[in-house]
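Okay, so chain A shows up in both of these, paired with chain B first and chain C after.
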Partner chain A sequence: MSATDAGAPRVRSGTTFGRRSAAAVLASPVLTLLVLFAAPLAYLTWVSFSEADITGDGSFTFDNYAEVLGEPIYRSVFLDTIVISFTAMAILFVIAFPLAAFLAFRAGKWEIPMLLALVLTDELNPLIRLYAWQIVMNKEGVINKVLQGLGIVDEPITLLFTKTAVVVVLATGSLAFVVIPIYAALKTVNRNLIEAARDLGASWVTILREILLPLSAAGFIAAIIIVFVPMLSDFASPAVVGGREGYMIASLIEEEFNARGNWGVGSALSFVILAISGVMVWVSIRISKVGRLGS
Partner chain B sequence: MKQAEAVAAGRTVRGSRSGSRSVPKVVWTIRRRELVTNAASAVLLLAGSLILFGPFLLLAFLSFNDSQIMSFRFDGLTLRFYQEALADEAMRESLRNSLIVAGLTTPICLVLGTLSAFGVARFTFRGRGGVAAALALPLVVPSLLVGVGALVTFSKVDVPLSLTTVGLMHIVVGFPLVMAIVTAALYRFDRSLEEAALDLGATRRELLWYVLLPYLVPALAAAAIFVFGWSFNSFTVTFFTVGSERMFTVWVFSRLRQGTNLPLVNAISTLVTAGTVVVVYIAYSLLRRSAVRSGQDVRTLVAGGPAQ
Partner chain C sequence: MKTTPDERPELSDLPDGAPSPALELDHVTKRFGEVTAVDDVSLQVARGEFFSLLGPSGCGKTTTLRMLAGFEEPTAGRLLLDGVDATQVPPFKRPTNLVFQNYALFPHMSVYRNVAFGPRRARLAKPEIDRRVREALRTVQMDEMVDRMPAQLSGGQQQRVGLARALVNDPLVLLLDEPLGALDLKLRKEMQIELKRIQREVGISFVYVTHDQEEAMTMSDRIAVMSDGRVEQVGPPREIYFHPSTRFVADFIGTANMLPGTLERATPRPEVRIGDLVVAAGSIGARSDVSTDTGAPVWLMLRPEILQLHRDRPAGDVAVPVVVEDLTFQGAGVRADLRGPADAPIVATLPADASGWRPGDPGFLSWEPARGHVVAGSA
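After this line comes the complex of A and B, so read on.
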């Protein structure tokens, strides 16, 4: 894109419509952002440093953060959340990469129908999906029926209301969001590069490691931002299929706000989620840069 | 050239090493490899579709099964759960509210998002990068923070939670999504066409109306589908800003938490899923037609949009 801009010197970048009206064009979106996004987050920050509860304001305090970071119960939920979402993310990448590669290189006339099917799964209602998985993983559910029918297990196994159930639901619920960005990145890979590597005797493992993975790094980063961050916010999945065992930070926050009315602690916990997602995004961007320099 | 010859030679050497009748064997190896890859692809696709669509098909099956419990023994065909579901006032209201909120927020998001995209992609001013990043923030910040932030703030300024508060929060998360899609489309647009229009004496208004907007129609349509779907399916933000009003995702969630009247949920879930499939398919057909008309690839519109 920048190359074509540079190739056409007559077109000076970004000046088609002059400068003065920039403010006029951007005023309403920026105002919306300030009032409905920035202000609430600023106030939430204040609440996390105050003794506020549902009744109103309190004075300044560090107690909420001390409680959130000090209590062993919270710490174990943090750990569970990180384990659950990392496992789900790892599974997602393992399933999504071959699917994306197939879609980008081998699907042929099926490429567009498959892409449409993936986009469709984006639009299907996530709560309905959760409910469907609840039925699938039931003691009487399909998985148990199949396992028993094949004689693999005698008694129905407990799937529902475990960490595994939450991982399954998180990994399957976001598949499309991971496949599509990786597909988009792979689509930009020059096919001749792969042909050349193959002709020079590279095994498919080498092609994967040296060409496809580094060049689709942008897709992986996009997937982490689109999928991993929302996973940390998700309290519907733990609530519907996780039960007591598959508890996540978001479940704690929902409880602090709705059941206990403890807004200070709830807000502090929200900023823990923000911190984890920020670190995650930063680390993945760093890794992708290091990887690109290395190759 | 020499390299290519060496490569070709290397290939022959490797081929002949595998046996005296090298040619058929090589062909066989290639065929077998092809077969293995095809089988692997088939398994992969089957597993993928099963994971993505299996659960929904199961719900559809259960919704027609004349049984109160979630069993897979087929007890006969029935439509009574559909009748009960459609007669359920709470469900109808929640569905109606969700459609109204999505229907009203989508056009507002389209306007705000397109303005942002133009501001970011077609103007130069100091701090443009910062403004672009700030406008994209609602897509990156976990939606839980948006939801609880809105909850505490609306309570602080004494705005009672209602469908309006839900709609407002849907707008602030939805318009950056539109911005992302339209910005990507604007960057893909051949700028020399804009210059040509101006050189040929078009006013800026005519440039917008006759050159840019027709080009943007497919991108705007794609954005509209994404935002409408996002709003309708949104749970986290909706849950914290809805108060005592009824919205579809929140209604399903409370049904699941209480575990009551589940066959009714089967029926309505199947209806909503079927509706989504039909709407997405129609939208896609229209999208493809308008994309072809303005010479764009529907794949870039769909996959290159949100992911840039």
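After this line comes the complex of A and C, so read on.
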């Protein structure tokens, strides 16, 4: 009895303290979100519906969106952006999945060292990596020297300042962030499931299609959110290796804000790319759910 | 042998008069680096037989099963399925199917899709798949739950689905790796009876791995008792229980009183010298590498239920003086812990109505000599 009596007030005061400290702990992320994300976004929304070019008076208008969605030049850059990002993401998945599966199932004692190595390569400053690519893909660069040395080409080929260059740079820039979520998802797959499938007559292709891919869908979704969405709005890669041909939406947004001073169109472009990102994430989540429940 | 699950040799394909065993292990050894997990094991499993691999953890029974399934390759020796060498045949081409201890159901597939997984790999026609899946689920009494997901099922139900998923392929041999190990005791007992019923119904050979001797005794036609990668003894439960060939088997199966002595003679009827006493026994069990010459060290094995406890010295040759140490009521009988000559502990099962004994009481043990069993070998 005495233990209960002594315990009761402690529990009560603990609850009060718990509520207060919970509020204190939650305050910082909530404030951060409000001040650093919600407020700028709200401002940008307002700008995107304003006459906000150099001569604009700031009055309400739909013109910015009409221009962004209607002008062929913008549409072609949107299309290029989506094609470049999709291609890079597809290449990433093709490289990342076998790597993740190897790490999860076959690496043995090399599992942790290889993961560390993977993360370390990503720690390299992205700008240094970008300029390194510029040198590698140059007309005088390693790739052209090797191709010419082997006699595969006579004249140096144009690599730099093409869509291909941007795709290569994007696809190599975020490997760790694609491998790790897929690796984590695969790691939770019970090895017995693979054995059961083998035992029931499944080939490796079937195991991949029917067992591993559906069960690691969450990893793919995570990778899309972490890597594909930022890729859509990547600015540095097209700026350094894209040139005129490998132009992406982010470059356009920068141009609208800095070179042309058209904040209205720049903001509208930002929201369109945000909407595209949202749709991508939603679609991928839908696909993974359908894959899990379908017969 | 190149076969896919859908083109297995049928029983009728075999020549008449040569019924090869469903499965045969021929001097199979498996080493993992320095460790010998399975050491020169030879076994035969007949068609329709319920065969158990019984032993403590680490005895090699699971490795043996995994070699049968094709997940491990023997270091030496051969594996024959239906009389044909299958040592090199990969798991997905073997006429065997495995039931896992942790069920290993595909968590993202319904009960129906789980069971249909094998038939779909065999590229059967849709109606045939449907017929088979429903029949298999009926056999395990899960036909009401076709649309459930594994997470919505209890452990017992999941294992029924696991069983159906394996049975639906109509394997030559069904391999079961401690399938009831994760279930609670009551459900395990029910499932033992159920498994035995299913096995009789489908007539498929079962190879059943367990460390639970009671489970093996309840269900098996024959048991192979394993220890340290070797097969200690193979035989029907009754033979293993009453006529163990090694000390290990005698101890591992049930309760055994082992009295140390020397062999007086082995034939025609074994006799054992224990101290000053020479006791006749009904049978002798020995491994081929153990001496059964006169004077060889042996054990006299007395099962608790063959012993009788008397207040006064009984007539006859056998009468061992003992002191009652403890009595435990066990429902069907009373377990009596006794102390024999040279402080040897002895356990006897007395009838439940055996009343009047108190700890500290002196008495005499007797038994029918023919029910005693000699196990050759030293400690």
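Heads up, the rule we're going with is that the second predicted complex is superposed on the first by the 268 of 295 C-alpha atoms of A that agree within 3 Å, B and C clash if a C-alpha of one lies under 4 Å from a C-alpha of the other, contacts with A are read in each partner's own complex, and residues count from 1 in each chain.
Please note the rule applied: a contact is a pair of C-beta atoms (placed from the backbone, for glycine too) under 8 Å apart; a residue touches a chain by one contact, two chains touch by 3 or more.
This one's a predicted model, so the numbers in the text were calculated from it and none came from an experiment.
J.: Touch check for A:Leu150: first (chain B), second (chain C), both, or neither?
T.: neither
J.: Quick one: classify A:Asn192 as touching chain B (first), chain C (second), both or neither.
T.: It touches chain C, and chain B stays clear.
J.: Quick one: is A:Ala259 in contact with chain B, with chain C, with both, or with neither? Answer first, second, both or neither.
T.: Neither chain B nor chain C is touched by A:Ala259.
J.: Name the contact category of A:Pro214: first (chain B only), second (chain C only), both, or neither.
T.: Second partner only, chain C.
J.: Does the superposition put A:Ile73 against chain B (first), chain C (second), both, or neither?
T.: neither
J.: Scan A:Gly201 for contacts with chain B and chain C and give back first, second, both or neither.
T.: It touches chain B and chain C both.
J.: Check the residue A:Thr32 against both partner chains and state whether it touches chain B (first), chain C (second), both, or neither.
T.: So A:Thr32 only meets chain B here.
J.: Which partner, once the models are overlaid, touches more of chain A's residues, chain C or chain B?
T.: B
J.: Considering only the contact definition stated at the top, list the common interface residues of chain A for chain B and chain C.
T.: In chain A, positions 199-201 sit in both the chain B and chain C interfaces.
J.: State the interface residues of chain A toward chain C in the complex, per the touch definition above.
T.: The touching residues are 190, 192-193, 195-203, 206, 210-211, 214-215, 292, 295.
J.: Once bound in the complex, which stretches of chain C touch chain A?
T.: Spelled out, the residues of chain C in touch with chain A are 4-5, 69-71, 90-93, 96-98, 100, 102, 104-108, 110, 112-113, 117-118, 121-122, 165-166, 169.
J.: Can you list the residues on chain B that touch chain A in the complex?
T.: Those in contact with chain A are residues 4, 7, 10-11, 37, 41, 44-45, 47-49, 51-56, 58-59, 62, 69-72, 112-113, 115-116, 118-125, 128, 131, 134-135, 137-138, 140-146, 148-153, 155-156, 168-169, 171-172, 175, 179, 187-188, 190-192, 194-195, 198, 204, 207, 225-226, 229, 232-233, 235-236, 239-240, 248-249, 252-253, 256-257, 265, 269, 272-273, 276-277, 280-281, 284, 298-299, 302-304, 306-308.
J.: Can you name the residues of chain A that touch chain B in the complex?
T.: 1, 4-5, 8, 10-11, 13-19, 21-23, 25-26, 28-30, 32-33, 36-37, 39-41, 43-44, 47, 52, 54, 95, 98-99, 102, 106, 111-112, 115-136, 138, 140-142, 145, 172, 175-176, 180-181, 183-184, 187, 199-201, 219, 222, 225-226, 229-230, 232-236, 239-240, 250, 253-254, 257, 263, 266-267, 270-271, 273-274, 277, 281
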